[in-house]
Structures are given as C-alpha cells and as structure tokens.
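The following pair of complexes shares a single chain, chain A, combined with chain B in the former and chain C in the latter.
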Partner chain A sequence: MNLRIIGALISKDFSLFFRNRFFALMTPVGLIAYLVMYFMMPSSVNESLRLGLYAPATLPAFGQIQEEGLEIEAVGSEEALREAVTEGKYVAGVAIPADIMERLTQGQKPQINVYFASDTPGELKDAVGLVVRELAYAQIGQPLAIEVSEKILGRDMLGMQIPPRDRLRPLLVVLLIMLETLGLATLISEEVERRTIQALLVTPMTVKDLFAAKGTVGVILAFGQAALFMAIVGGIGRQPLIVLAVLMLGAVLVTGIGFLMASLAKDMMSVMAWGVVAFVILLIPSVSVLFPGTTTGWVKAIPSYYLVDTIHRAANFGSGWGDVWPNLAMLMGFGLVIVWIGIMALRRRFR
Partner chain B sequence: MSLRRVGVLLGKEFVQGPKNFIFIWALVAPIVISLVVSLVFGTLFSEKARLGVVAEGGSQLVAIARGLPSVTTREYSTVSEMKQAVESGVVDIGIVLPLDFDSSVRQGEKTEVTAYIWGESLAKSRTILGVTIANLARELAGQKAPVEIKSITLGDEVSIPWNDRLLPFIVLMAVFLGGLFLPATSLINEKGKKTLQALVVTPTTMGDVFLAKGLLGLILSLFMGIMVLILNQAFGAEPTLLLLVLVLGATMAAEFGLVLGALIKDFTTLFSTFKLGGILLWAPALVYLFPQIPEWVGKVFPTYYLIQPIVEISQRGGGWPEIATNVLILVGLDLLLVGVVMLVLKRTKQHAV
Partner chain C sequence: MVSEVSITTQGQSAPTFADYILKGDDMAGDAIVVEGLAYWYGKLAAVDHISFNVAEGEILGFLGPNGAGKTTTVKMLTGLLKPKAGKATLLGTDVAKNAEKVQTEIGVCFEETNLYEQMSAIENLNLFARLFGIHPFDANALLKRVGLGGREKDRVESYSKGMKQRLMVARSMVNRPRVLFLDEPTAGLDPASAEAIRSIILEERERGATVFLTTHDMMEADKLSDRVAFMNQGKIVVLDTPHNLKQQYGRRALKARVVTHSGELADREVILDTPETPNAIRELFAQERVVTVHSEEASLEDIFIRITGRGLVG
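And then the complex of A and B:
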C-alpha cells in the first residue's frame, strides 16, 4: 500500500464531497438540525406529582403520604391555590372543606374540590382523583387487607431518570453517520459510472489503495460528525473511550454499507433510494431505546443494535468495558463482514 | 394542445413513476411520518402509567382496571411473561394476583400481592399505580369512597394536543412532497437526458408535456393529502370542502414543481434549493405548532391559505363562511402561479428549440 497515493485520494474525495452542493450543505445543516432537535427535547424528567393543598382542617394522612412520586405543598387560601394551578405550579390543587373531619366522623360524604389547569390531560385528572380518594381512605383509617411485596427489575433509576433527549441520542447518531454514508456511496457510484475508477487503476494505485482511501474517507466523515455531535451534547462525558470506540466501529459498519450501496446504485438518486432502505433498517434498534418494550429479541439481528445499545448504556448509565465488550465484539464482527461484502461487491462492479 | 397526447404522456408518467425513487418516497414518507408522529406523541410524551396483571385464578380487578382512563392495563397469562414485560419496560408495574384473590378481598382476609417494578419507571407512575391497585381492591371489596371529588377546570384555554398541532405540517408534506418533486424531477430528468428536445420535434407541444407532468403531481398530491387526512381521522367533516381545498393546494404544489423543474438544471441544485426555500412552504405549520406565534406571520406565506381552511374544517368544525376568504386567496395564488408557469414554459420552449 502506498500512503502517499492514499493521502492524495483522500484529499481528492474530500474535495469532491464538498463540491457536491447537496452533501456540502447537508453536512453542516444536518449536524445543526440534529443539535437543535436534541436541545429542543426536554432536558429533565418530572418524576413527581406536585399537588397544592388548601386544608383549613388538620389532615395527618395527607402529610404522612409525602413519599416518592408525590409532593404535597400547603397553600394559604383557596384563591392562592387556584392561581398557583393556573400558573402551572401544581398539577392539581386540592381544596379541603373546613368541616371535613366533622362530616367524616358523622359518616357523611364531604366534597373535595380538585382544581386543574385547562391543559391537564384527562388521564392525569383521573389519576389525581384516585390519589385524593386513597388519601381520604387513609384519613378515616379504613383498612385494606392487602400486603404488597415489591421487587424492582433492572437498575432502580428513581431520582436519576434519563431525559427524553438523552434517549434520542443513539437515534441521532445513527442518522448522522448514515447521512455521511450517502455522500460516500454517491462519490463511489459516480466514479464507477464515469469510469474514473478504471482510469485510476491504470496508474500505480492498487485496488487496496483505492479501498483504503475510500474506507478512510467514509470512516472520517461518519466518525467525525458523530463524535462532534456526542461531544456537544455531553454524550462522551461518562465513558469517553467506550463511546469513541463504538462510534469508530459504527463508522466502519456504515462505510461497509456505503460500499454496498455504491455497488448497487448508479447515481445520487438511486443512492438515496437504497439509503432509505438502509436508514429504516438501521434505525429500528433506536426505537427500543426511545420506546422501551416496543421491540423484541429479533432486533439483535440488526447490526446497529450493538451501536445503539452501547451508546445508550455507556452514555446514559455509565456502563464500563466489562458490560459492553460483547456489543463491541459483535459490532466489530458485523462491521468487518459488511465491509468485506461491500468490497467484494464493488470489485465485481469495477470489472 | 392535444388532450389525447396529454393522456398518453400522463399514462407514461404513471407507468414509469413507480420505478422512480421520488415517486415511492412521496407515497411512503407522509404515511411513515404520520405514523411516527402518532407513535412519538402518543407514546413518548404520554405519561399514562402502565399496569401488567397476572390473575392466577382470574379476577374482576382486571376488567375494572381496563375501564380506568388513568392507566393502561395489560393482562398476562404467566408470571415469567409479565416479568419479561416489566424488565423491558412494556409496563411500569406488574402484579401477580393469587388464587381466590377476589374472594379473599371481599371477605377482608389478608392476601399477598407480588408487584414487579420496572427500574426505569417514574416515581409518579409508581404512586399512581400504587393507589390504583389499592382503589381497585377497595372497589372489589365493596368499600364506598368516603369523599366526593369534584374536578374543576380553571381557565378557558383549550389545550391542543401535539398530534393536532403537527397535522398542518404532515398535510403540507403530503401535498408538497409529491406535488412539487414529481413534476420538478421529471422535467429535470428529461432535460438531462435531452428527451425533452426529442419530444418537441414530434407533434407533442411543450405545453402538453408540462400539463401531463403537472397533472401527475396534482393527482399524487391530492391522493396523499386525502390519505393523510383519513389516517389522522380528519377527513370526516365537510369532505367536499376539504377536497376542494386539497385540489387547490395540489395545484399550487404542481405549479411550484413545474416552475422549479423548468428553471433548475440538476437534482443537487433542486434539493439544495428545496433545503433553503422549503422554509417558505413549511413556515405556516410553525404557526400551528406554536400557538404563541401571531397568526399574521403565517399569512405572509402562500401555503397558509391551504392549511388554514384544512385546520378550520378538520379541527375547529368550521364551514365555508370561515374559510371563504382564504380559499379565494388560494385560487388567486394558483392563477398567479399559472401565469408564472406560462412564462417559464415560454422560456423552456425557446431553449428547447
């Protein structure tokens, strides 16, 4: 392999890539768009039901139940309670009548007013109703002969939930690296169509040099953007080496896919057509991170699963090498096989 | 202009179309985006707690729970199946009701319930499900609620769900993706392959070619507009008026497509132009996405006059009086664009000859 030739090819490919107005524009615009999308998503998870309580009478049960997931804050007047609910300070405002204890002891059914903001979803109104009713049961001491034994499955994330935007990170990374692959595939397919590759191969450049150069361009484009994105969104703060390693392996994988697309496509339009197919397939594993429980075991047959899962675990849970090495090994295996298939397919097309 | 020749050209476009990526993309993308929006805003941002139940001996609790609007209930036949669902986050809490659960609860006998909790479930979901289970058991035991709860909604602002806010964007995408791109890419393709020049040396005129390509965009655009409205359950009210507005919108999309196709040389320039100029098309959707933006901002953009009548009819129950002015403006814009198309047609004729 001749490093000088490879260097020259890489520099030529970068120049051609950025000469294509579509990809030259899409590269920065895509990155900015994904960053905007990320920063527009909620950065925290509101774990608690925050209720305002106006209670002229003393209700011990309402104070005792203040535990995980439920915050009850006392408010001075019913008017202040209504104002606070309208301003969105509380999910709901509970106003207890002054004579509630008397009426409860007399066996009457007092009315409790629960205030909601106009945009409160119906299911939340119903849920708050259930909470208030249960508090009332607790207040009158009506027993329930049920003993619940709790078992937490998986790591208990109470108080340290993953915000939606961090769940979105793996999906955005896959989108970013795939977008760059479209550029690489277009470059190669256009060279094949214009027969410039055949022209190159009659020079001292070897087929190995050619693939080394194209592969390097693909990996740099995909890895560079994904790493920059992860750095900006704070995705490499917890396990930088693992995240960078998995992005590198992901870049190798999509470069292989780029080779495959280039072997099938004739121009930018057909690259995009094949690209959509690849996009859809590779994005499926991200769905399992965004919407836990929506996919089953079959998703592990998709190579990007190992990329998505590793990013999710390393960036969001801080998982170490010991936890993620099987994923890295699988991703490397898939990447090498796909690159090899891609090279074989392209070589056939050169002939 | 010959209608027969236009028909032949249109038939050719429909036969060749499915082989074209843009044709497929224009059909698939709006449907996929519509489904993704439903999934994202129906699931990702839904804070509804999810309960899983295994009732070993059968229990009425499951049926009562299913009727509750505050939680989503799923029943499982085995404990291992439910544990798997909890581990993967399908449900927040899964409970195992022992044999004779119902009779034990009714008789006030002490009974044990095992609850499996998903580690990533929110604290409020755990609280809601906890009180839900207790309330269900009390209902089963025949206990009467000691208080009456009166829900009072403050303010008269109507909350607009995100699914509804995004409808204008999805409709615009459905109408403009095919309506604009098909005529544009088809013209660019013919120019690139020099088949346009070949066509005009036959009795076919440039006007026939433009009309056929415009009709292709219009038909596909109209079809996708109707599909997306049906998928979003927004086609029920005033279908005739909606159809009229969609026809006018599809005409606008096809006219834009013809103008771009006639003026632009290659696909990359078309995509780049669309990336930069697309904001002019999508901007009115932002007004509906963020109600804080004053409505007059939307009126600056031509697609507002397509979207306003659709939103008025499908989401606000409006009729002809509420949309008449904007529909007439839309007709005016379409006629104006016809003039622009005629100008570029003339220019294309000169270049082709």
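And then the complex of A and C:
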C-alpha cells in the first residue's frame, strides 16, 4: 500500500463529503439534534411509588408502611382521589371507609376501594393490592404468617437507577455512526456510477489503496462523531478506553455496512433506502437497553447488540475489560467479516 | 510493415511518423505489443485473439462500430481487465503481470466524462498529480495548454461539455505519459473544441508520446493517425496507413456540377486512376458547361463498409 496515494484519496473524500450539501449539513445538525434529544430527557429516575389516600378515619398501621420507595399522600375526598389518579398524579388511590374501625372491631369485613388509571400495568396493580392487604393484616393485629427475605442478585441499584437519557445513549450513538455511514456509501456509489473509479484505477493506485482510504474515511467519520457525542454527554468518563475501543470497533462495523450498501446502491437515494433497512435492524438491540425485558436472546444475532451492550455497561455501570471483552471480541469478529463481505461485493462493481 | 512506398503528405512540411515507418526507418521501438489477446464475456468473444504492434511515437487510430471490442481492448491494455488469453506488453512490461508499473507510464482519457464535478479543474489535476507522485506540478500551465486558463478555480459541474472534455484530456497528460489512450476524445464537441483537442494530440505525438486513439470519426482518424486498425466482431480486419488503405480499397473520383441543355444543374462523376480518365475529363469539359469541379477520395468509412460489410455507427 502506498501512503501518499491513500493520503491523497482521503483528502479528496473528505473534501467531497463536505461539499455534499446534505451530509455537510446533516453532520453538525445530526450531532446537535441528538445532543438536544439527550439533554431533554430526564436526568434522574423517581423510584418511589406514589399512592393517594383518602382516609377519614386514620389507621395507625399506615404510619408503619411508609417504607423506602413508597410515598403516601393524603387526599381530601374520594372524588378528589379519583381525579388525581385519572390525571396520573398517583399510580393508585386507596379510599378507606369512615367506619372502618367500627366494622373491624365488630368482626365485619369492610371494603377498601383501590383506584387505578385505565393504563396501569398489571404488575403495579398486584403490587398496590399487596400493600393494601399487608396494611389490613397489620391493622387487625395479624402479622403475615411468612417472613420475606430480600436478596439482591448482583449490585443493588436502589437509588442508582440509570436515567432515561443515559439509557438513550447507545441508541443515539448507533444513529450517529449510521448517518456517517450513509455519507461514505454515497461517496463510493457515486464514484462507481460516475465512473471516476475507472480514472483512479488506471493510475498507480491499487484496489488495496482505495479500500484503505475509503475505510479510513468511514471509520474517522463514524468514530469522530460518536466519540465527540459521548464526550459531550459524559459517556467517556467512567471507562474511557473501553468506550473509545468499542466506538472504534463500531465504526469499523458500520464502515463494512457502508461498503455493502454502496455495492447495492446506485445513487444517494438508493443509499438512503438501503440505509433505512440497516438502521431498523441495527437499532433493535438499543431497544433492549431502553426498555429492558422487551427483547429476547435473538438480538445477540444483530452485530450492533455488542456495541450498545458494551456502551451501556461501560458508560452506565463502569464495567471493566473483564466484563466486556466477549462483547468486544464478537464486535470485532462481526466487523471484520462484514468489511470483508463489503469489499468483495464492491470489487465486483469496480470491474 | 510496408517499406519503400512513396507517399505524399499534404500541407505538412515536417515528415510524419508514417514517412518513417513506411521508409523502413528504425525510428523507434514498439510501445505496445499485442499477441493473441482475447477476452470473452460468457460465450461471447469480445476480443478474439488479436495481435498488433504500435511503435513509440505513433498515433494508431483504432476504429470499429459499437460492440466491436475496442473498449475491451483498451481496458486490457490499461490494466483494467485481465486478458483471458494472449499477452499485451506496454513499454516492455507485461500489463497483466505488472499493471501498476504500466499505469505510471500511461494516460487515459475515457469516452464518458468521469471527473470529480464538485471539485475545481485545478483540484482534479492536483489529485491525479498526487496519485502519480508528481511534485512539483504546475496545474495552471496544463490548463492553459488545453484552453482552460481563467476557469481553473471553477467547479467542473459548471463547465460545458467541451471544457470537460478538454479537462479530461489534460488529466490524461498529468504524468507526461509515454502512451496516451484517448477514447472518442472529440465525440459530441463543437468544431472549435474538437480542433483544440486534435492539436493537443499532435503536440503530444511531437513530444514523443504514443497515442492509441479510439474513434468513430473517420475524418479525425484520417487526419491524425499514422496507421488505422479496423476492428469488427472482436477481430482486427485490417491495419495499415490511411493512404495505403485508400490506395488498396478506395476509389478516387472527379465530381463536377454542370448546366444541361435545358438549363438545369446536374452532377457528373469521372473515375480517376484508370486508363480512360484523361479522355473522360477532356470530354467532360468539351461537351458540358462545367460550373464547379472537385476531386473526391474514398473515405475510411467507405473502406470499412467495403471490408466488413457494415457501417461504423450502430
């Protein structure tokens, strides 16, 4: 490979990239938009369960269940309680009848109304139901006949939940690097369609020089944007080397995807069409970070899983090399294979 | 090669390359040697075992209709395609084995415009100078030479077709190539632009470059080429100087426009180079009122049709 030739090609590609109005505009605008999106998301997580309570007769047992994570707020009337629940002020509202103590002492079974909003998840209903039952047992002086022993598997994250904006980081990183990949794919497909590639191929430049230059441009664009974004949003501070390494491997992966898209596309519009397909597939693993439990093991077949999972673990939990090396190895493997497939597919178009 | 053939060059004081080669003068070695070169796409033989030589400093006109195999031949000679059979040697180097070395010595001007249109002319040339490792490189001087001085900083997308074509020619000359491949360099250009490019081709030949000129334009090939090769269905059907081809296959004639007895204009033709020609000319002037008269030579296109049975276009 000839470094002089590779340097000339890189300089030419950067020049052309920033002369394409769309990509010249989208590069800073994309970065700013994703930063705005990040900073608009909540920076903390409210872990407490807020309950509204209408209780004309005070139950002594309520004082005992003001546990960590449970906030109970008194409301003046049952009607006000229903309205507050409907408006989403409380996850549930508990209405205790005025004669509850009398009925309890008479051995009757008083009715306690628990109000939920129409979209309250089932597990929340169950949890509130349990709270109320525990309350009833406590009030009639019959403690639960069981003893609950809480054991946290792994690190107890109580009070340290990941804020939504930080959960969003891996998704925004994938969006950023894919955007730059569209630029790379457009540069290459235009080179083929406008036959400038033929002019290059009759100079001392070799095909290896060409791929080295295109690959470098793709990696610099993707890595540069992602690293800048992560630095601004504070994602590099906890494990800088791991985060930078995974962003670099992610940039290699999307550069290979860029080669593949360029081998299929004829112009910028078809690059965009193929890009949407790639975007959707690569974004799926980010959903598992945003909404844990929504995806199953098959997401591990998507290469970007190892990118988002590593970013999530290293940037949000401070995981070290020992935890993330299998991810990095998988990402490198996927990256190299996809780059190789992309090069083979593109070489066919150069003929 | 033909030797000891007397030829007359019109309007040129300096001897042409054809003068040398026809007189058997060993002016130069071969820049291009092609032996049994072949390429096929599936079962279709695009180039069917062709052989020819091009001497250093010669302009070879490579003619043929679309699909004749011209472009495939050029691709093999420039290292863009590996031949399926045979061998091409440029300046003593096997193209298939060492394309990179050959590519340092050649310049290629493609038929279709393939410039970086969002870059300026000067940036286009500087890029290729860097690829060839030419330093220092005076892009302005080259642009002035092809008549693009003053527009060198404008983006190529704002250029006319003729300007782009001149820039393509300039780009092919960035490395002062010893062999210049020009594929339809004047196609679709206005007469002034076409003439400017023809002048540049002749200047390059004067510098000592070998020119491999692919064209449909028979007039251009006739005007510029020392020899022409006719390619048809993957084979070279004839290769010789335009003069020899006209001698061998052509038919010269005298065309006259006369006024008939009824006062109308009519055309008359007298075939030249026959024993009856002097009498026929005498009779023409004695018996008719001649208004205009001019001689007409067989064109290369006529000869091509005669040899191959088909025209050049289509």
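As a convention for this text, the second predicted complex is superposed on the first by the 257 of 351 C-alpha atoms of A that agree within 3 Å, B and C clash if a C-alpha of one lies under 4 Å from a C-alpha of the other, contacts with A are read in each partner's own complex, and residues count from 1 in each chain.
We take it that contacts are C-beta pairs under 8 Å (C-beta built on N, C-alpha and C of every residue); 3 or more make two chains touch, one makes a residue touch a chain.
Please read all numbers here as calculations on a predicted model, not as lab measurements.
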item	value
Touching partner for A:I5 - first (chain B), second (chain C), both, neither	second
Partner chain in contact with A:L130 - chain B first, chain C second, else both or neither	first
First, second, both or neither for A:N20, with chain B first and chain C second	both
First, second, both or neither for A:L200, with chain B first and chain C second	second
Common ground on chain A, meaning residues reached by chain C in one complex and by chain B in the other	20
Chain B to chain A touching residues, read off their complex	20-22, 24-25, 39, 43-45, 47-49, 68-71, 83, 85-91, 95, 104-105, 108-120, 122-128, 130-135, 137-138, 141, 143, 145-159, 185, 267-269, 271-272, 275
In the complex, chain A residues that touch chain C	4-5, 7-9, 12, 15-16, 19-20, 194-196, 198-206, 351
Complex interface listing, chain C residues touching chain A	78-81, 100, 103-104, 106, 108, 110, 112, 114-119, 123, 127-128, 130-133, 171
Of chain A, residues touching chain B in the complex	20-22, 25-26, 29, 45-49, 67-70, 82, 85-86, 100, 104, 109-127, 129-134, 136-137, 139-140, 142, 144-159, 161-162, 164, 268-270, 272-273, 276, 290-294
